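Two complexes follow with chain A in common, the first pairing it with chain B and the second with chain C.
Now for the complex of A and B:
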C-alpha cells in the first residue's frame, strides 16, 4: 500500500471529520441544555445552505452578505422551532419530542427541494477548486478550509460556554429545576441552544454546500453527525472534535483500504459500526457524563 | 424553476382533485391515454422536471396540430416520489382510466411494474432506466426502453476511447468510478468482457450513494494514473465526481460519462472547469433541432409551455422530447395499421414495434424498434463540453452490440426462467 496515499486519505479524513463535527455540534448543544437528541440537525444544515443560496440567487446579494444573513435567519428559525413546536412537548414523554424532531427533518427535506427545485445548486464561497499539491499529496482546498472553519466554530462554541450566558446554559444542562429555582429562564436558554444549533448547522450546510453543491442530500449529514455525537459523548463539545476526527479518518481509510478488497463501498458502514460499537461498549461515549440518579 | 413547479403542481392538482376531468374534456374525442407518474420529489429530481417538461411540450405540439389521425394524446402527470406503493397506485389508477402506455422514469419503479405491464399488456416505457435486458422484446413484449441501455452506453464510451487511441486500447488503464447501486454496477459485466477482448485494465471504484462525498475516492483514481476515466452516477454524484476529478488534476478530455450529465451539472462544477468532459448523447441537444424550434414557436411562444422557457433545449428536456416523439410515432404507426382501434395496449404495441428509421426530423439517431429489439438499434454519439455547451465529436454509431446482446439475452433468459 502506498504510504503517500494513506497520508492523503488521513489528511482528507481529518478535514472531512471536522466538517462532520460542526453538524454534530448542534446535536450536542441541544442535548446539553434540554436532554433531547435533535434528529432534525441534518435537515437544518440543508436548510441553512438553501437559504444562503436563495438569498444570493433570488435577491442578488453577494455571498459575504448572504452568509451572515442566513446565519441570523437560521438562529431565529431555530428559536422558532423550539418556541412553536418543542415547548409544546413539555410534560410529554421524551420520545415524543424526539419523534417531533424527526418529523421536522422529514418535512424540511421535502419542503425545500419542493419550493426551490431539487436540482443541485452551486454555492460559491470563493474557494478555488483548482488542484493544490503539497509534494505528492493533494490538498483539497474546499475541505481544508471547511475543516479549519469548522474547528474554529467549535472552539468558539467552547469559549461561549465559558461566558456568562454559557454558564447559565451549563446550569440549565446540569439541573433544570434548580436553575428555575434560582431565577434562570430555562425556556429561554433552551431556545438559545436551538438557535445556536441552527447556526452551527448553517455553517456546516454552507461549507458542505460549497463542497458538493446544495441539494437534499445535505440532510444525510445527520447519520455522520449522530455517530460523532454518540462516540464523543452526547454532552461533550471536546468529544465532538475527537470523534469527528476518528469518524472522518476511519471513513477515509475504509474507502482506501477496505473498498478495494470487498469491491463495494463501505463508507457509510463505518458510521453505523461506530454507533453500534459505542452503544454496546461505551454507552456514554468518549467524554460523555454518566448521569447517576438517586432514587 | 418557479414557473415549472407551479405548472407541475397545478397540473398534478387538477389530475388528482378532478380525476374525471380529462376524460370529460375529451369525452367526445378519440384519445390515446399516456400515464407519466414520475419522481418529481425524491431521487430522480435531477432529471424529472426537465424531462417531463419536454414530454408535455411535445405532446402539446402534436395536439395543437390536430393530434394523430384524429386521436388526441392525453398525458396524466403525477408524482410517485420513487415510492413503489405510490407508483403502483398510479399504475392502477391509469389502468382504470384506460392508459395504454406508462413512463415512470425510475429503475426501481420500472422493475416493480414489469410483471403487471406484461400481464395487463400495457406498454411500459423504461427509457434510460429499468432493466437493460428489456431490450429483448421476445421476452419483454410490453416493456420498451426505446433508447440505448446502460450496456450500450458503456460500449459506446469504450469504442470512443478506442478511436481516441487509434483503435488500440491494449495495455491502457480505464478507471470506472460508479455509485454503489445496481444502476452503478450495471455496466461492469460489459466493461469486464471488453477489457478482456481489447486488452485494457479495468479498475472499478464504487462510492457510497448518493455520492455527496467522494473525497477519498478520487485521490486513489489519480494515483492509479488512468488513461481514461468513466464516471457513472446521477444527480449530486455526478457533479461531485466531476468536481473531484478537476480538483485532482485529471485531464477532463479523458473523462466520460453516460447520458446522465446536463448543462445544469456543468454550472455546479463550473463551466470552464468541466471543459473537455465527454458524455453519451442519445439525441441532439440544444435548440437547433426542428422539433425544438417548432415547440418554441408553436407551444412556448403561444404561452402553452409546461415550464420555464430557459429549460427548452437542455439535455434532459430534449430526452423528454425524444421519448415523447417515439411514443407519438408509435401511435402514428398504430393508427396506420388499425385506424379505428380499439385503443388498447396491444394496439399501441403494434405501432411502437413498427417504428422504422424514425429520427424526429433529425433530432434522433435513426431508430428502428421491432418485436425483437426494443432498444431501437442502439445508436448514440459522444458529445464533449466546450465550456458552454455539449458539442458532438462523433456521428451516430453503435458499438459492440454482439457483447451487449449476449448480456441482454443472458439476463432475459434468466427472467424467463425465474421471473427475476
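Now for the complex of A and C:
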C-alpha cells in the first residue's frame, strides 16, 4: 500500500475530523448542562451558514462583518429555542425533549431552504481553492484552515470552562439542585449553553459552507457530530477532540481504501458503525462518566 | 345527552372486561367500520387509491411504531429501515414465485430478526443512547439496501409482479383496498387487545419505570426485546403490504430517514400509546402538507403572486417539524387526547366536576 496516499488521507482526515468536532462541541455543551442530546445541532449549523450567506447576499455586508453578525444572531437564536421550547419540557420524560429537538431539526430543515432557496450557495471566506502541497502530500486548503480554526475554538471553550461563568456552568453540570441552593441561576446557565451550542454550530456551518457550499446537506453533519459526541463520552470536551480525530481519520481511510474494493460509498456509514460499536463495547464513551441511577 | 353514563353498574365480569363498555362507543365503532367498508362504493376510485389506501397503510405502520414508543416507552428513529427490510424481503420472495401470504410473514420475520439484533445491541443503553443506536441502524440498513445484490443500486427500482392474496388477485382497486383494510384492521384489533394481556401490562410497567418493573419480577430486557420484535414484525408486514398494494415498484430512497421521521411525527401528533392516535396522526401528517400546499397556491393566485417552488417543496418538512414541536409543547398526548378530553366532557355533561 502506498504510504504517501495513507499519509495524505490521514492528514486530511485529521482536519475534517476537527471540523466535525466543532459541531459536536455544541451537543456536549448542552448534554453537560441539561442532560439532553440536541438532535437539532446539524440544522443549527445549516441555519448559521444560511444566515451568514443571507446577511452577505441580501444586505451586501462584507464577509468579515457578516460572520460576527451571524454568530451574535445565532447565540440569541439558541437562547430563544431554550427559553421558548426546551424550558417547558423540564420535568417531562427525556425522550419527549429529544423528540422536541428532532422536531426543531425537521422544521429548520424545511424552513431555511424553503425560504432562501434550495440551490447550493457559495460562501466565500477568502480561502483560495488551490490545494496545498506538502512534499507529495496534497491538502485541501479550506479544510486545513477549517480544522485549525475548529481546534482553536474548541480549546477556547476549554478555557471558557475555567473562567468565572465557566465554573458556574460546571457546577450546573455537576448537580443542578446543589447549584440552585447556592444561588446559581440554573435556567440561565442552560440558556447560555444553548447559545454557545448555536455559536459553535454556526462556526462549523460557516467553515463547512465555505468548503462544500451552503445547502440543506449541512444538516447531515448531525450524524457525524453524534458519533463523535458518543465516542468521546457525551460530557467531555477533550473527548470531542480525540473522538473527532478518530472519526475523521476513519472516514477518510474508509473512503480512500475501502471504497475502491467494495465499489460503494462507505463514507456515510462510518459514523453509524462507530456509534453502534461504541454503544456495544463502551456505552459511556472514551472519557464519559458513567451515570449511576438510584432506584 | 345520549352519551352520558351515571355510576358504574357492572353486574357481570365480562362487562367490565369488554373493549368498549359504552353502547355509544360500540355504535360509533360499527358506524366507522361501515363507512370504511362501504368506502369503495361511494368514494371516487382516484381518492380511494390515492388517499384511503396510503392512509390505512401508514396508520398500520404508525400503530406498529406506537407499540414500541407509546407501549414500551422505547424511542425508535429507524422504523423506515424496518419497513424497508420487510418490503425488500417480501418483494424478492414474490419475484421468486413464493405466494404472497408466505412472503408477507417472511418479510415480517426478517424485519423482526434484524430489528431485534439492533434492539438487543441498543437495549444495553437507554433513552438518548437508544435514539442514537436506532438512528445508526437507519443509516446502516440504508447502506445495505443500496447495494447491488438487494436493490440493484441507489437509483434502481424493483417491480412487484402481479400477486394474489388468498386466491384473490390484487390487481383491482377494490381488492387492494380490502386487503389493506384487512391487514390494518387486524393490527388495530391486536393493539386494542394487547393492553389487557400480561404482555401489555408488562410493557406498561417497563414504560413507567424499568427498575420498578424489574423489582416486581418483570424481566425488563426480555420485554423490551419482545416489544422490539413484535413492533418490527408489524413493520415488516406493513412494508410488504406497502410494496405490493401501494408502491408496486420499490426503490431504496422510499425507506430513508424521511419515512422514519414521517412515522415518528404521526405517532407523536396522533398520540403516544393510543390506538385511535395513529389513525388521526396519519391522516393529519399525510394530508396536511397537501391541503396546506393547495391552500397556499390558491391564496397566492388569488392575491396574484407566485409561491416559490422551493418553498412548496419544503412545506411538508416544515409542517411535520412544526406539528411535532407544537404538539409536544401543548398537547404531548396528541390528537387522541384531544378527542378523549372532548369525550370525557360529554360523558359527565352537565356535571363537569363529576368523576368518570
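Here is the rule we go by: the second predicted complex is superposed on the first by the 292 of 295 C-alpha atoms of A that agree within 3 Å, B and C clash if a C-alpha of one lies under 4 Å from a C-alpha of the other, contacts with A are read in each partner's own complex, and residues count from 1 in each chain.
Definition applied: contacts are C-beta pairs under 8 Å (C-beta built on N, C-alpha and C of every residue); 3 or more make two chains touch, one makes a residue touch a chain.
All values derive from a computational prediction rather than experimental measurement.
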Touching partner for A:207 - first (chain B), second (chain C), both, neither: neither
First, second, both or neither for A:241, with chain B first and chain C second: neither
First, second, both or neither for A:5, with chain B first and chain C second: first
Which superposed partner A:256 touches (first chain B, second chain C, both, neither): first
Partner chain(s) touched by A:280 [first = chain B, second = chain C, both, neither]: second
Which superposed partner A:28 touches (first chain B, second chain C, both, neither): neither
Partner chain(s) touched by A:71 [first = chain B, second = chain C, both, neither]: neither
Touched partner set for A:117, first chain B, second chain C, both or neither: both
Which of chain B and chain C A:89 touches, first, second, both or neither: second
Common interface positions of chain A, toward chain B and toward chain C: 110, 113-115, 117-119, 264, 266, 268
For the chain A and chain B complex, residues of the former touching the latter: 2, 4-5, 8-9, 12-13, 16, 110, 113-122, 129-131, 133, 138, 140-143, 208, 211-213, 215-218, 220, 251-252, 255-256, 259-260, 263-268
Chain A partner contacts - residues on chain B that touch it in the complex: 1, 4-5, 40-41, 45-46, 49, 180, 204-210, 212-213, 215-217, 219-220, 222-223, 235-236, 239-240, 243, 246-249, 264-265, 267-268, 270, 273
Residues of chain C that touch chain A when the two form their complex: 73, 75, 77, 118, 121-122, 124-125, 127-129, 131-133, 135-140, 142-143, 146-147, 211-212, 215, 261, 264-265, 268, 308, 310-311, 313-325, 328-329, 332
Chain A to chain C touching residues, read off their complex: 36-37, 39, 85, 88-89, 92-96, 98-100, 102-111, 113-115, 117-119, 223, 226, 230, 264, 266, 268-269, 271-273, 275-276, 279-280, 283, 293, 295
